[in-house]
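For reference, the structures are reproduced in the following blocks.
Below, chain A partners chain B and then partners chain C, in two separate complexes.
Entry: the complex of A and B
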């Protein structure tokens, strides 16, 4: 059941209607039922994966929580016994209590370790088995062996990377005492499986989302209207822009030998637009559906293409994934005992300036490698992740140089320089995304190189663009659609666009706008003869 | 507290740490700064700031960070 299918739209209408009709107690169970029905239609076999991850992480968190409560009670008891003079000598004193506390914490850490390892193993097996086999076969071939391991038939369950990360963060947060474990299994199952976010995130945290999921939200016309507006805007991005430009991108990357030079630049820019419209459109639909039910969700984007550098871009693109990697991989690695020791050693032997960078850069390398492989089981994504790492590290190292430059030429804060920075970020990010497009890493480098060796800029004027599967009217729609995206983003810089519309445009006017937008989706959506609604790009991750 | 301020000033000399309360939320300290800070604090105060303490509230001001150090020193 694709987000872009009529079945899905019917399903959402029915679910929203039932949500507001049913009594308070039945609201969250309805969401759970709806979520599992949605998942059933994605493939009933996949239900075992999501149910498995849910059970494992539920049990792990519950055991951690129980241990914590028991340890706290015992700790208080030991203190009281000591005060009254009845405590056993070996259990008395601050040091003894500290040892007890530490031993219990170690137990909880072990439970957490087992829980998240099993959950991540499930993800690793379904996502990376064939990639591992592919690499082993490559090694066998390199060493002259004719032996090959056969690939396994494993279908990637929809949204597994997203719900596994969500469930893992829940267990870690219970361990870190950010919140209590959820005792009601079915409520927890709803948190893991809430249907709009199963397709491509956002990766929600229990502390942010759970309460809103379980609260019975009463009907509110304004909330419903705002949610619907966001859903319509999301469909516009997905169906009118992303699915339209997809045809041209696929034409150029399917036969790369025919599309070198300027076409690679075109792939860069078209794919950047496709991915942006596809992913942000999908997230708009997700957040909009949740909003229609009265459930606010974390934003996943903050106008990323207005960023002045790549580090900022990553703070504004797929925000929930970025913060997940920071909180659960970057910080734990950076402040771990071995890393602190490495920092101490490197500061002593390599000097303060270089030494303090070593642990941070090493942790960043691991994070970007993981980010790459999380996006897909292929070297393309790993190189893409490490490409981001290299660019961020270079820009970090060049920071003093930039500061001197700004001081000398008074460029910091000037509009011209800001525009240059934004343009540079767009180009860099779009260039790195070429690894998403071409079938392997060497081909990507080769195609990138042709931009500087094959001078075929005349193609822009000789009508070849009309041979990419798009006709003149498609380019007009894409041009106007992109202008609209940019204008809306620029208006959004000083606050919510819908808030502004609500203040300035009366109800009838707003509805007229969204009615027209709906008509545009129906009339100009990229459906043609034999059109097959494209799955969201991030769905495959 | 003075020792902590001195460490912070090494990272960003231009910030008034006596009054600043949005070091993380205001993007004054980034993750690189925070990791350097944790290493320095471990050296100077002999306390371990672990991943579970890595939340903006603990790093938003010098006072909040100082409170965290005191809590970790007297973890009872």
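Entry: the complex of A and C
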């Protein structure tokens, strides 16, 4: 059931209607049922994966929570025993209590380790087995062996990367005592499987989402309107822009030998627009649907293409993934024993200035490697992830140089320089995204190189652009659509666009605006016969 | 006024506003939908035929159902002129047997003809064929269970029922193909057929046809035959005589094995089956040098008149169809049709 399918739209209308009609007690079970029905349509076999991850992480978190409660009770008991003087100091003294606390913490860490390892193992097996086999076969070939390992037929369950990360974060948060474990299995299953976020996130945290999920929200016209507005805006981005430009991108990347030089630049820019419209559109639909049900979700984007550098871009693009990697990979690695030891060693041997950066860069390297491979089981994504790491690292290392430059030329803060920074971010990010497009890493580098060696800029004027699967009117729509995206983004810099509309435009006016937008989607959308129904790009990750 | 009354009043106002906006939006969307639908008023007019049935006057004594071999090969005007028979052709381009069945079922909601004539060529298709032809045959039908079932039976793999319910979802991409014709026929259309007959005046002598390809399976498919059975049952149930014909078109090739099956079927169900192809020149008087407009595939108006004369005689003699002349309203209606017909014929 694609987000852009009629079935999905019908499903959401029915679910929202039922949600407000049913009694309070039935609301969250309805969401759970709806989520599993949605997942069933993606493939009934995939239900086993999501159910498996849910059961494992539920049990792990519950065991951790129970252990913690028992340990706290025992700790208090020991303390009381010491105070009363009834117990021996080696049994209930401060040292003994500390030892007990440590041992229980280790036990909980072990449970957490087992729980998240099994969950991640499921993800690894379905997502990375064939990639591993592919690489082993490559090595066998390189060493002259004719032996090959056969590939496995494993379909990637929809949204497995998203719900696995969500479930893992839940177990870790229970371990870190951010919140109690959810005792009701079905409520927890709803948190993991809440259907709008299954397709492409956002990656929600239990502490942020759970309460809203389980609260029976009464009907509120304003809430419904706001959610619907966001859904419509999301469909506009996805169906009018992303799915239209997709044809041109696919034409150029499917036969790269025909599209070198300036076309690679076009792929860069078109794919950046496609990905932005596709992913943010999908998230708008997700958050909008949740809003229609009265459930607020975390924002996943904050106008990323207005960022001044890549580090800032990553704080504003796929925010929930970025914070996930920071909280659950970067920080734990940075403060881990081996890393602290490495920091000490490097400061001693390489000097304070260089030495203190080694552990940070190593942790960053691991984060970006993981980010890359999380996006897809291929070297393209790994190199893309590491490309981000290299650019961020270089940018940090050049910081003193920038400072000197600004001091000398007084450029910092000027509009021209800010525009340059934004343009640079767009170009850098779009160039890195070429790894998403071409079939392998050498080809990506080769195609990137042709931008500087094949001078075919005349193609812009000789009608070749009309051979990419788009006609003139498609370009007009894309142009107007992109202008609208930029204008809305700029208005949104000083606060929510919908809030502003609500304050300034009466209900009938807002209705007119969103009715026209809906009509634009219906008429100008790239859907139906003659168009390929495109799955969301991030759904593949 | 109390606060509660005020709140209630505001709520009512809000609901009224939402309802008004909903109605307005629906009307606007419908207008855009009508604009985007193909009008079938220019070169391809076949898509307009289905809807024209509902405008025709009087009870039809004879109803034709089938594909292009009926709507191009039988002049309904000739039937009226020569025999006073009020007939209508519910035919469409590559109209499949199940579409003919449901169009007949739909027509029987409004009238009960004496005879139904079905052209059997479409039995060669046992599964949905082409979305464009489906739309031409079905878009013009009025909504009822017959249309619903016809769509269900006809949909190709990539089609959706909702695209038929809301045609704008299918035709939205026509926004960049709109011509002055779309605006001219936005809300009203011309009548393009003559009681379902599609008149062509050009002459193109029949040429050499491609050789008949050997049949993998000479038997008609079960799905197609099941609908022929349904059509037979429906006619029996309503006391209508069903006549099976093979129109005198030279292509697609009509195989001997197919003909034998039709002969057997007609015998088994006590129906009349006429293979007009075998007697086209000898009995009907078709001259393939002058009576076809596309080298033998379909008849032009002279060929269609000859076919109508031949069939009309059988309908009168065998089934006792009498002239409907005398009904003033009907005569006035046909006078108008004949006038248009003669103008088109002599143009």
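We take it that the second predicted complex is superposed on the first by the 537 of 541 C-alpha atoms of A that agree within 3 Å, B and C clash if a C-alpha of one lies under 4 Å from a C-alpha of the other, contacts with A are read in each partner's own complex, and residues count from 1 in each chain.
Basically, a contact is a pair of C-beta atoms (placed from the backbone, for glycine too) under 8 Å apart; a residue touches a chain by one contact, two chains touch by 3 or more.
All values reported here derive from a predicted model rather than from experimental measurement.
Superposition of the two complexes onto chain A shows chain B and chain C fitting side by side, with no clash. Note on chain A: of its two partners chain C and chain B, the one contacting more of its residues is B.
Judged by the touch definition given at the top, the superposed model places A:525 against chain C, while chain B stays out of reach.
When the two complexes are overlaid on their common chain A, residue A:176 makes contact with chain B while staying clear of chain C. Of the two partner chains, chain B is the only one touched by A:363; chain C is not.
Judged by the touch definition given at the top, the superposed model places A:331 against chain B, while chain C stays out of reach. When the shared chain is aligned, no partner comes close enough to touch A:219: not chain B, not chain C. When the two complexes are overlaid on their common chain A, residue A:151 makes contact with neither chain B nor chain C.
By the document's definition of touching, of the two partners only chain C reaches A:6; chain B does not.
The superposition-derived angle at chain A (between chain B and chain C) is 160°, Cα centres, a multiple of 10.
In the superposed model, A:97 makes contact with chain B only, not with chain C. In the superposed model, A:40 makes contact with neither chain B nor chain C.
Superposition on the common chain places the nearest Cα atoms of chain B and chain C 42 Å from each other. Shared contact residues of chain A, touching chain B in one structure and chain C in the other, are absent. Considering their complex, residues 14, 17, 21, 25, 28-29, 32, 36, 131, 158-160, 162-163, 168-170, 172-173, 175-176 of chain C touch chain A.
Contacts from chain A toward chain C in the complex involve residues 6, 221, 471, 473, 507-508, 511, 515, 519, 522-525, 528-531.
Interface of chain A with chain B (complex): residues 94, 97-98, 101, 175-177, 311, 326-327, 330-332, 334-337, 340, 343-344, 347, 356, 359-360, 363, 396. By the touch criterion stated above, chain B contacts chain A in their complex at residues 30-32, 35-36, 38-39, 42-43, 48-52, 54, 75-76.
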